[in-house]
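Before anything else, here is the set of structures, which you'll find just below.
Two complexes follow with chain A in common, the first pairing it with chain B and the second with chain C.
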Partner chain A sequence: MKDWRYWLAEQRGTLLAFGIFVAMFILYTSNHQAGFTANVVQTASNKGVLLAFVAMDQTLVVITAGIDLSVGMIFLLTNCVASWLVVGSPVETAFGVVVVLAVGLLCGALNGAIVIYGRLQPIVATIATGAIFFGIALLLRPFPGGSVNERLADALTGRLFGFLPASLVALLAVVLVVWVPFSRSVYGRAAYAAGSSETAAYMSGVPIRRGKFAAYVLAGLLSAIGGLFLTFFTYTGDAAFASGNAYTLFSIAAVVLGGVSLFGGRGSAIGAIFGALAFRTIGDLLFVFDFDPLWQPLFQGVILLVAVSLGAFALFRVRNRLEWFL
Partner chain B sequence: MSDTGMDRIASKMPSFIRRSDPAVVTAFACIIILLLVGSIYSRSFLSPEYLLQQLKVASFLGVIATGMMLVILLGQIDLSVPWSVAAGAMMACAAAAYGPMGVFLAIPFGIFCGVMIGVVNGIGVAYLRIPSMIITLATNAVAQGLMVVYTGGFSPQDSATGAMRYLATGFAIPGVPNAVLIWAVIGAAMVFALTRTTFGRAVYGIGNRERAAYLSGIDTRRVVMIAFAVSGGLSAFGGVLLAGYASKAAQSMGDAYLLPAIAAVVLGGTSILGGRGSYLGTVAGVILITLLQSILSVMQMPEAGRQIIYGVVIVAMLLLYGRAPASR
Partner chain C sequence: MDGAVPLFRMEGVSKRYGGVRALEKAELSVMPGRIHAILGENGAGKSTLIKIMAGVVAPDEGTMTMQGRAVTFSSPAAANDAGIVCIFQELSLIPELSVADNIIISNPPTRFGMIDRRAQRRLAEAALARAGASDIHPSALVKDLPLSRRQMVEIAKALARKPRILILDEATSALTAADVAKVFAVLKRLREEGLALLYISHRMHEIAELADECTVFRNGRNVATYAAGTKTDNEVVELMIGREYSHIFPPKTPLPSSDRPAVLECRNLGWTDRLNDISFSVRAGEVVGLGGLDGQGQRELLLACFGVLRGLTGQMLVDGKPVALGSPADAKADKVGMALIPEDRKTEGLMLPMTVRENLSFAALDRLSRGGIVDRNAEQAMIDDMIKLLAIKTAGLDIPVGALSGGNQQKVVIAKWLMRQPRIILLNDPTRGIDVGTKQEIYQLLRKLADAGAAIVFYSTDYDELVGCCDRVLVLYDGAVKRELVGPEITEHALIASALNIQDDNAGMKQGAHA
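Presenting the complex of A and B:
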């Protein structure tokens, strides 16, 4: 096989997600009252970027064959922290941003330590840590409130050169600074290998524990960046249980749409980003077609259900029935 | 070396302690400690009325945790509890709006809705081989969407029927609340199913190793599907009882039951990896969680503190019992 074919086979999920997103976005803008204008793109990208960050968090953990059900709560917690600290003079603001990112790193490290060194099941462990994170968020913000450095917020949610959404540029920067180096590093390889087959990776002397730990820690960081952006968009901190749960759920939908295998070892954060943007666009399609917003939760649930069920087609390729039972 | 030492100590203990699961013993010990701590706060903590009231509150969680335990024994998990509870409660109340027949069928219809959610979960997990945490999250979202669309954002008929109130708050036997009686009946049925039927053996077998169970001739997919259907039905029944207790159904009434249900099962020593656990442990876990909730509310702990304590308790107990073997 030629090199480009390998590349194509590896990137199939990502390209499919990209295709879905482009198709949906064309459908969305062509039926939008305002059409394809800078304003529409800016609003759409601002909404999509939030989910994209959370989906990147989920991708990092899913690649190691785990799952992070605390993403939404890290997102809420960092939002609440940011609403206290990212204010005031530039120096204070910078300090606040650093603290918010550190909180995300700590949350990720806690998850990673419990799952990897405590050897607990990721599902239950992250549900439990999610409750802890939510509790802390609620302590910080029993009622919605707080504020944020509005100049920084407006700069990061506005447009560059009049047409380019700044949030998309920030997303690209995060991909280049966090995801690309990680996925090409030894630890990134180790995270993939551990997700693909932990035993084989262990036998080959791959540093699986450190690789997985790095994945969880960076996952926390990405959610924190998402929480920071949520604060920039809303100017407030709000510990809303339903919103945290929704983001956790949507992150899984985005990961599935983005072609990341839930069994681990396959997929990329780029795919999950397009999955997130596609999921947001599909959810917003209801508005441009003038449906009652009441239908939106059902519609999003059905998309998720259909997306995860499509994975079942792989069963037709199974030759030996014993392979049903992993 | 330490093993033989432990064996020597163990052989001197009475046989019922030696045979019992350390997790179950710990859970019961924690219950006694909580009762003692509670009695320091308030004299009425050890009064029979208060304990019976706690048992009544515990029975709602007990019914839900019974279904959760069955699923966890398979090595799976049911994250659709919140909206199965809410759907069961809301649909039962809604059915009551359709004349006397609706009132008569309200409770069965509520449970039926929960069973349907469970069947979708079961098909996804058993036949489509989708990881249970994913498919149950998805059906939870769909059930939520259906309920939001159905109620149109507000509750149409949300008051519980007389039968639901009677089941949750009445006294068929003087001194014993009906809810406790129902939990006892469901618990006994579950113990019977788990220990005396081929279905129960199959559940433990699948939890240990599904391949081996399949090769020994068990229709593992059907067992998994039935287990999820039972879990959905019991969640919905728990919702029906809760609606009877509060005398109305509400949208977010199930949110507070997912984490406690999982916690109760896990604290009772049921392995989160499946295949190991006893119903006695789940009973202990349910009572433990209920007492913990009660003490935290007596201490006027805010919601935030309760969430943190739940999370910490679950992680701590899991670190004691629920660890996977190290890779070798």
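Presenting the complex of A and C:
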């Protein structure tokens, strides 16, 4: 086989998610009253990047064959922290941003420490820590409120050069600064290896624990960036339980749409980002078709099921039934 | 040898697992520039010895020194750093990563903190070439490679780590004959380069070809160390099992007359490009072997018979009546009565964390239950029979089957199918990585089952077994039956010659040389 075919096989999940997203987005904008305008793209991008950041968090953990059910709560907690601290003079605002990101790192580190060094199962550990994060968020913001540095907020949710959504540029920057270095680093490789076969990774002398820990910590950071952007969009902090839970579940949907294997060891955050953008667009499709918003969850669920089934088509081609179970 | 300084030395090393003594005051000296073979039955302490050297388990007592300096290894990584690299029998490759990723996994080349993919690719290609496996693409995912290719990747990976001591644990058991020749050439070159090699194998002819010295382990102790070639195979085997070792293969029963009807018959079987127009039949009481180089379609043929492959062309007949088997469940149904002892007992044969009892009754649950409820008395009676018939050594029926030794695990896999009293038994290399004693028991069992009327199809990568066990052997090449050997025609020479049917004479010579 030629090199490019191996590349294609490796990127299949990402490309599929990209394809779904493009198809959905064309469908969306072509039926939108305003059409394909800078405004429509900006709004879509602002909604999409929130889920994209949270889905990147989920990707990092899922690659290690874990799952993070606390993503939505880290997202809420950092939103509430930001609504207190990301205000005032540029220096104060910068300090606030650093604190918010540090909170995310800490949340991720706590998850990682419990799962890796405490040897608890990720699903149990993150349900528990998620509840803790939500509890703190609720103490910080018993009622929706607070504020944010509006100049920074407007800059990051507005447009560059009149057409480029700033939030999309921020997402790209995070990919370049966080995801690309991680996925190509030794620790990133170790995270993949541990997710694929932890025993083999251990036998090969791979730094499994540090690799997985790095994945969890960076995951927390990504959710914190998401929480920061939530604050920029809403100008408030709100410990909304239902919203946190929805983000957690949607992040898993986005990851699956993005071709990341829930068994670990395979997939990329780029795929998950397209998964997240596609999933968001699907949710918005109903509005342009003038459906009752009550249909949205049902519709999203059906589309998700169909999309995931696309990935299973390969099973029809399997000639050796034993490969069904691989 | 007396004056030379050992590169690695182990003294008085012991290891217990619970109440079991795995290693008892073991001694071993490893010299640079030599290949040192370790022999012993499974459970003799070889695996524990290797695991201690490779830093996987810590010894309870004893000392290890490298070039006279005391060492301890807290992890495989620590052993690697000291220059000890082990190629394990259970593969240590990461399935979702590419070949190049795997080869370079321990210390990838980095630039600005990131893995330098181009350098990685170069190193991986060099390592593959050094292992004689340039046919493997560095970008292929390991999980897409067949077992024999993975083993070559494993060897390339070990070489890429620049070991001073290389441990090979049954490293050739999954390889094709052509690969074995390549690997041997590599090992001999490494010996000349001054590496110390520890070579663990059950294949006597490999040890005869490679080893400079041999150490025999029995019951956790090293019972003898001798220069290679100073003992006959029989003497060595006696040292290993500690008892008189004569008739390894049971006598064959005279062939049933050809007019006896075939129990299983395949006509013109074909499947993708892997099976090509295969026709054969097996009569009751007959052991039919599948021979040939590894990977010529033998496994696919067994899977096809067992209803695992889709899109099969041709016809299968059981008792002269055409059958269409859509799954293993169809194949094991009473009117067909087929059983397949799979290749990999750990993934296809057993549920390792479940108990011996549960594993034994899985295949026969439908027979042991009434109205969906398992009849525990009937189950117990049948399990007792099986434990006795196969002499399975286990501390109890309710311990996880994963706690048994490899040989006993394999017996459980066989027993699980015998609980259905199958009429057609397919075996896929059932003695791989199993000690001599258990192998012998399996040979006798096969003959006993055939005498009781079972039709047996037996694939083995070990030509000795085919010679010793089979009434007929079909030699496969490239998915087709190239030759059928009957009765006295089945000799190691004939098997090898027909296996290499299309190969050039050189390959044939090499094969003959170490057969």
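Basically, the second predicted complex is superposed on the first by the 300 of 326 C-alpha atoms of A that agree within 3 Å, B and C clash if a C-alpha of one lies under 4 Å from a C-alpha of the other, contacts with A are read in each partner's own complex, and residues count from 1 in each chain.
Just so it is clear, contacts are C-beta pairs under 8 Å (C-beta built on N, C-alpha and C of every residue); 3 or more make two chains touch, one makes a residue touch a chain.
These figures come from a predicted structure and were not determined experimentally.
Peer 1: Looking at A:D3 after the superposition, I want to know if it touches chain B, chain C, both of them or none. Which is it: first, second, both, neither?
Peer 2: second
Peer 1: Give one of first, second, both or neither to describe whether A:T129 is in contact with chain B, with chain C, with both, or with none.
Peer 2: After superposing on A, A:T129 lies in contact with chain B but is clear of chain C.
Peer 1: Figure out whether A:Y202 sits in contact with chain B (first) or chain C (second), or with both, or with neither.
Peer 2: In the superposed model, A:Y202 contacts both chain B and chain C.
Peer 1: Touch test for A:L139: chain B only (first), chain C only (second), both, or neither?
Peer 2: It touches chain B, and chain C stays clear.
Peer 1: Could you say whether A:Y192 touches chain B, chain C, both of them, or neither, answering first, second, both or neither?
Peer 2: Only chain C; A:Y192 stays clear of chain B.
Peer 1: Which holds for A:L322: it touches chain B only (first), chain C only (second), both, or neither?
Peer 2: Both chain B and chain C are touched by A:L322.
Peer 1: Classify the contacts of A:V91 with the two partner chains as first (chain B alone), second (chain C alone), both, or neither.
Peer 2: Touch status of A:V91: no partner.
Peer 1: In the superposed arrangement, does chain B or chain C reach more residues of chain A?
Peer 2: B
Peer 1: By the touch definition above, which chain A residues appear in both interfaces, chain B in one complex and chain C in the other?
Peer 2: 199, 202, 321-322
Peer 1: What does chain B use to touch chain A in their complex?
Peer 2: 77, 124, 128-131, 133-135, 137-146, 148-149, 152-153, 210-211, 214-215, 220, 252, 255, 258-259, 262, 266, 272-273, 302-312, 314-315, 318-319, 322-327
Peer 1: Mind pulling up the chain C residues that touch chain A in the complex?
Peer 2: 56, 75-77, 80, 88, 90-98, 101-102, 105-106, 108, 110, 113-115, 117, 137, 139-141, 143, 157, 271-272, 300, 303, 308-311, 327, 348
Peer 1: Show which residues of chain A lie in contact with chain C when the two form their complex.
Peer 2: Within the complex, chain A contacts chain C at residues 1, 3, 6-7, 9-10, 181, 184-186, 189, 192-193, 195-197, 199-207, 261, 264-266, 318-322, 326.
Peer 1: Note which residues of chain A are touching chain B in the complex, please.
Peer 2: Within the complex, chain A contacts chain B at residues 67, 69, 114, 118-121, 123-125, 127-132, 134-139, 142, 198-199, 202, 208, 241-242, 249, 252, 256, 262-263, 294-302, 304-305, 308-309, 311-312, 315, 321-322, 324-325.
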